[in-house]
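One structure below.
Chain nomenclature is as follows: A, B, C and D, assigned in order of appearance, with residue numbering initiated at 1 for each chain independently.
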Amino acid sequence: MAKYGARIVIPVDLKKKIEEQKYPFHNRWHPDIPAVAEVKENELFRVEMVDCNGGLIQNNDSAEDVKYADLYGGHYLSGPIRVVDKDGIAAKPGDLLGVEICNLGPLPGDEWGYTATFDREKGGSFLTDHFPCATKAIWYIEGIFAYSPHIPGVRFPGLPHPGVIGTAPSMELLNIWNEREKDVAENGLNSFKLCEVLHSRPLAHLPTAKKCLLGKIPKGTPEWEKMAWEAARTTPGRENGGNCDIKNLSTGSKVYLPVVVEGANLSSGDMHFSQGDGEISFCGAIEMNGFLELKCEIIRGGMKEYLTPMGPTPLHVSPVFEIGPVEPRFSEWLVFEGISVDESGRQHFLDATVAYKRAVLNAIDYLSKFGYSKEQMYLLLSCCPCEGRISGIVDSPNALATLAIPTAIFDQDIRPKNGKVPVGPRLLRKPDVLKCTYDGNLPITNNPAASISM
Amino acid sequence: MAKYGARIVIPVDLKKKIEEQKYPFHNRWHPDIPAVAEVKENELFRVEMVDCNGGLIQNNDSAEDVKYADLYGGHYLSGPIRVVDKDGIAAKPGDLLGVEICNLGPLPGDEWGYTATFDREKGGSFLTDHFPCATKAIWYIEGIFAYSPHIPGVRFPGLPHPGVIGTAPSMELLNIWNEREKDVAENGLNSFKLCEVLHSRPLAHLPTAKKCLLGKIPKGTPEWEKMAWEAARTTPGRENGGNCDIKNLSTGSKVYLPVVVEGANLSSGDMHFSQGDGEISFCGAIEMNGFLELKCEIIRGGMKEYLTPMGPTPLHVSPVFEIGPVEPRFSEWLVFEGISVDESGRQHFLDATVAYKRAVLNAIDYLSKFGYSKEQMYLLLSCCPCEGRISGIVDSPNALATLAIPTAIFDQDIRPKNGKVPVGPRLLRKPDVLKCTYDGNLPITNNPAASISM
Amino acid sequence: MAKYGARIVIPVDLKKKIEEQKYPFHNRWHPDIPAVAEVKENELFRVEMVDCNGGLIQNNDSAEDVKYADLYGGHYLSGPIRVVDKDGIAAKPGDLLGVEICNLGPLPGDEWGYTATFDREKGGSFLTDHFPCATKAIWYIEGIFAYSPHIPGVRFPGLPHPGVIGTAPSMELLNIWNEREKDVAENGLNSFKLCEVLHSRPLAHLPTAKKCLLGKIPKGTPEWEKMAWEAARTTPGRENGGNCDIKNLSTGSKVYLPVVVEGANLSSGDMHFSQGDGEISFCGAIEMNGFLELKCEIIRGGMKEYLTPMGPTPLHVSPVFEIGPVEPRFSEWLVFEGISVDESGRQHFLDATVAYKRAVLNAIDYLSKFGYSKEQMYLLLSCCPCEGRISGIVDSPNALATLAIPTAIFDQDIRPKNGKVPVGPRLLRKPDVLKCTYDGNLPITNNPAASISM
Amino acid sequence: MAKYGARIVIPVDLKKKIEEQKYPFHNRWHPDIPAVAEVKENELFRVEMVDCNGGLIQNNDSAEDVKYADLYGGHYLSGPIRVVDKDGIAAKPGDLLGVEICNLGPLPGDEWGYTATFDREKGGSFLTDHFPCATKAIWYIEGIFAYSPHIPGVRFPGLPHPGVIGTAPSMELLNIWNEREKDVAENGLNSFKLCEVLHSRPLAHLPTAKKCLLGKIPKGTPEWEKMAWEAARTTPGRENGGNCDIKNLSTGSKVYLPVVVEGANLSSGDMHFSQGDGEISFCGAIEMNGFLELKCEIIRGGMKEYLTPMGPTPLHVSPVFEIGPVEPRFSEWLVFEGISVDESGRQHFLDATVAYKRAVLNAIDYLSKFGYSKEQMYLLLSCCPCEGRISGIVDSPNALATLAIPTAIFDQDIRPKNGKVPVGPRLLRKPDVLKCTYDGNLPITNNPAASISM
């Protein structure tokens, strides 16, 4: 008789505080963060995780908690987990780690989540110049479905996924990260990409000991101090996977990650019940506490065999994944086009970021005609299963991006129609909760940065 | 007894030259190009079109014809077609024109196409710094499938679509286009986006009388001369639709276009049998001669009702479309990630274009391990039904883009596997046809522009 | 430079009569019907076909033509086509013939079709005891879509397929067919399946020279006379494929047929634009003139390798097929259950036919609440892309069948809803055309056969 | 702050015996079985259930437990649950109960299941004359996937569903059931359907007090005694839903059930992790302990509004359901045809049951060429996500059924191929566990019943 079911290797107790959990979290990437658990190749195991803000954001009608959140602490990761083969030999640098996501979801008894935009000063979001203040929508999870009291008339099946999943970087990889990010953060002003400097969002999040957690490394020790100022922040996705925020990395997917430290040291966190491509509102998925049930495979020597060198360095590291067989099925989509001409009318050269921004703004404007506020639609497009495509990237000077929205998530017909007044009954159901005051000292219209913003 | 079938409003005779066709083509956008045909709302009608290069590219094993092609002539559009309602009253500025694509395909008896990259000097492509010379692959169309003698071991169902479909611009809209594109073309060097100037591709294609065709306006007349220097080039997609190159604008789709001139003046061309998101090799779909069977609906006053203002100008113009119900079904996808760090290791700030470029390069590198040349895979990813997504656009400094490839288009298993040597039998089948010599005077490795290129 | 496009091996001229076509039709299965064309393995070729009634049914508002149709002539098949390999060696008995359907559709310029029920005396239909008289609906084909003036408010994409596709039977196979069908036709009354005898539809259609066409065999010759009384009727699907009426045998499918005569002798006909599982109204697809573009593969010795012996005879003949990659995509389905208790309340033992009948009757009843007549819905369910499943076949005494209808084919919401009156505006749009008078002398309620019918 | 998560209304404790559970099971349908719980309309609630055999079948390598199982006890149902609206007013006869399946799965910590065929004497299965003895395969559930040590080389995502879900019958409905089933059980021999009598499976399962459980009604009391001999067995699906065994009644589905007793009295059980259409091996899904999370809606007066009268009785009772948005996605299917000619060569008249039987037999024969035993494939086709269709039901005398198998569930390519020997490596991996000896006294080949079986 065989064993079955997933072995729980990292449990989370929601009644305890972040720092009281049995398996200490880490919120940085560093090769020397010690593994807290070990799993065998092909073993099914379960990891539990807290939401990206570690319980800071409450299930209520106020965005105050979001307003005063910051990015120093975020992404409380469960792990690292050391992976060994059936003979107990650890994954080695150069191997490829296949990680199959057999199951995942919210933690039992805790079936809710939230979508938020940070305040402009606190990290902002993709459209921070249009939506500078903190907002929040609560979502309740009913099995595969989610609905929000703050965005009535919408309900959809989720496509849960870990926002963050990655292996530990080697010191070599970590140094590359820190150098290139320091470059953009420090030299933005004098560099060839002036536009970015003027943009009102931080250019990069560099290592800092502020709110740094390094798992089993005791805070305040010399070791912690040294590592804290080296360890990479978790905000961006990088070559080790990390905060890739890929909405289709869902049930049944298998991601192939590079192994660059002994044991692979797999970590995960930032569980999402659902997310739209781009995660545009930044804290933008349906963020939740959750679990993963995983199986690992070690492909010996697979990095060189399968992955691509990352650039001037010969490291083969860019992750690859297979999409799983179970995704919500939608047959009807309404699609919005955006080209790389910004809101001020300025032409950008094949800039997919600007094009996608315009597609999103067009969609928000369109949907707000159906009885919603723009803030509601911004949050919705950030977390519903919408698809963001790079449709054309060669027809200079215009990049063309599209945003496709499954029409079935609305309880009204949102398609253009002859003789139909689009403003529907949702008008009366606009909740006040999302209203907030922007505390920044520059309104968007007078901000020179905004006018030429990305 | 009702009428049925599509009325042919614009036929093409492939035995005749471009300039001998009964309905003269136009290859520019201008409000004063006269309509060549008229259709009624809800009438099913058929338009035939030549391929984007107007027959210049031959069904053979040489890329010489591509090498000497240029962009001045391209996009021979069929139309404009004036649209009237059932009472004969024309569509009016402010209306929304719904255009349903009921059917489309190659012209009967002409079931082939090609995918190509232009030479760097002739317009280049998305990866022109990596693939600077002209290449070409011929595709044969077998009903819904295409295969290429130049890329053996691959066969896939197409998702045909018009690369170009759009309504005529008003003079107001045309002026906006010309001004903003002139700005990026002329001021690139001194502007805040220096990087673009150094890039080796043209920044914009401005109006020119060179090879200009304006339909019924006789070439060389004063009217033609004036219009030719005003008329917008067709290369980029814009607010009127145009060269949007959206791979899912296929059978059964319905696109909603702004009406800004009396009669709407709908034009189309640049038929594609199949295209990947991004159309990365630029001449990058399976380009073919083809037909469209369309039905139009006029939504009176719909522009303001449904579309979004384009920016500083209050014109409501950004197209919206509904995806059709018939698309090839793939269940297994291999997905490549790319982040906004370029090949030189330089960090870019949330630049989705760079991220997508890296995802594409990663995919080309990976697939070339299975017995293909990189040139073959570049052409393949440009025209096969792959999906390019903006997965993360907020996690500064990294934008994260993904490229998803349906694995079923290959006749071998391309997934990572333990104990499997990926280099397959295709190695011996590499055709020589794609080899070409780059005539430019700067090899890529010594080109300062390339090293900091987009 | 390679050849491309499909070679037309059997054209049809719709301006000519059935008997005037260049390639004579056959409407029976017999090993000695001579091939009229030859194709090579892997060659793409085109076959054109007339509709199942050979042009008898007109594009008009009357069901008179259906009323007086009979089944003796039907299924005018194009072929047989002899298949040889690249060296010119014919397919041989024991081989397996893979036939890929690369493309198919209506004949250009003839984009319409019809769905009909025959009169009870003329062949009836699945629900002939409920719908004893002839009815007809005309469908107009707009590219991938069909709509009917006789069933307003409905429009759907088709899934075209050949109702009939098969290889010629050997004399051995033909004899088996004739014997077993004669047995059920003649001995029904005294056999153990009394119920069938009482049913009002013919039990089998035995060979007859009436309206028999045998291709190149001249009518009235002794050879014709002999063959005509041997040749199998085309009504049922059998081990050679034949009138299988499988709705998913559509574009991109590949069917594997047994080869039991030299050259395989492939024939096809009875083109359908769309059909629901079961083709319940008998003349029940959207019947049309059409074309097929096919490619054949010969798997030498494949019958024994891949197919299953048919029963007491060791012939390996049951066809197998692969579904193609392009099918209309529907995300929402309303499903009706039926169990094997008939309309009189009688319990049948695990009888899937009765269960499916009840599911269909339930669906017709339900849909008729939305403003349609039952006749309209009967015709619709016969030809729209609905799915008929054998859901449970073991839970004695009830077989359970389901009928799933894609809700998107209606222009109103047909789902059950609180507070909604289901009878919609379609009520006023019921056309009179489908009304007809049943000429039979027994109304259904007084017919003892009907009360215990199937 | 709103409540979230599902309220557990009926828990199951797997450490306790069937008769020790807090909420007593019932395994019969009767109007007077008292409700054990109450839920409000729109409330999300959770019900837990034991597997159909109540823990009798063990997770091991022997089919002995299946061999001695019987059908008297089976289907331990959780419930009945009384449904009231938000004002506390119960659902009333004539209402329609919409039940949405928001979530479902195995019980945590118990992620395994089994597929079995009963011995011929103990209830048999669809192909009992071919597979007369008890067999069993164990499945281990890894999140969304299942695999079996007894059928190596196969792994697939499940489509979990309740085999049984239904409302309590009224006395009127119960009487109808008992009468019609008694008729077929008792009068089979003399009736017009002689064939059924000779079949070796029981014709119907009539009420019996043997192993009868009636929830809160104490066993042995006069009330229990009376009810036990009236209460309907749960084997067949009927007009109240019941053991419908519909594989697509999965996550996100919504089933509309008739309300014929006050409170609706909803019960469920017989959870399946996965099932093929038909559930052919009878104990034929992946049977498991499991949970449902449900939401109910009361449509007042909806039975008459939406459902269909059941026959001579004017009760509107046939269930209808909507399919959910999340189903495993397969793009490639291999399809087997079957016609209504049985294994002895006898022709049946439009008998979909015989046709499906042949399709299944053809598929088993085909798949067994790839290194499997026929018993393995029989069990696999019973529980994997294969589709059984009634493709043609009018082309007399042949009904045509198809069985479609998603090819991706195998780890080898099972499609017909030129030059490929289909017998694969699985040959050496055949486990002995499924071998068993049939204890019946008549081998199939000498059994006159079998030769003319169904």
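Quick notes on this structure:
Methods note: a contact is a pair of C-beta atoms (placed from the backbone, for glycine too) under 8 Å apart; a residue touches a chain by one contact, two chains touch by 3 or more.
In this text the structure is predicted, and so the values were computed from the model without any measurement.
Across the two candidate interfaces, A-B and A-C, the one carrying more C-beta contacts is A-B. One rotation lays the C-alpha atoms of chain B on chain D, and its angle is 180 degrees to the nearest 5. Chain centres here are means of the Cα atoms, and by that rule the chain farthest away from chain C is A. Within the list B-D, A-D or C-D, B-C finds its counterpart interface, over half of the contact pairs alike by residue number, in A-D. At the interface between chain A and chain D, over half of the residue numbers appear on both sides, which makes the contact a same-residue one.
Our note on geometry: chain A versus chain C, Cα centroid distance of 52 Å, whole angstroms. Separating the centre of chain A from that of chain D, both taken as means of CA atoms, is a distance of 41 Å.
One simple way to say how far apart two chains are is to compare their mean CA positions; for chain A and chain B this gives 31 Å. The set of chain C residues that touch two or more partner chains comprises 325, 329-332, 408.
Against chain C, in their complex, chain B makes its touches with residues 1-2, 4-6, 44, 59-61, 101-104, 108-112, 138, 140-145, 149, 157, 251-252, 293, 295, 324-330, 408. Contacts from chain B toward chain A in the complex involve residues 96, 98, 125-126, 176, 180-181, 183-185, 188, 192-196, 198-199, 201-205, 235-239, 243-248, 256, 277-282, 284, 297-300, 302, 305-313, 318-323, 325, 331-339, 341-353, 356, 358, 361-362, 365-366, 369, 387-402, 404, 415-418, 422, 452, 454.
By the touch criterion stated above, chain C contacts chain A in their complex at residues 329-332, 408.
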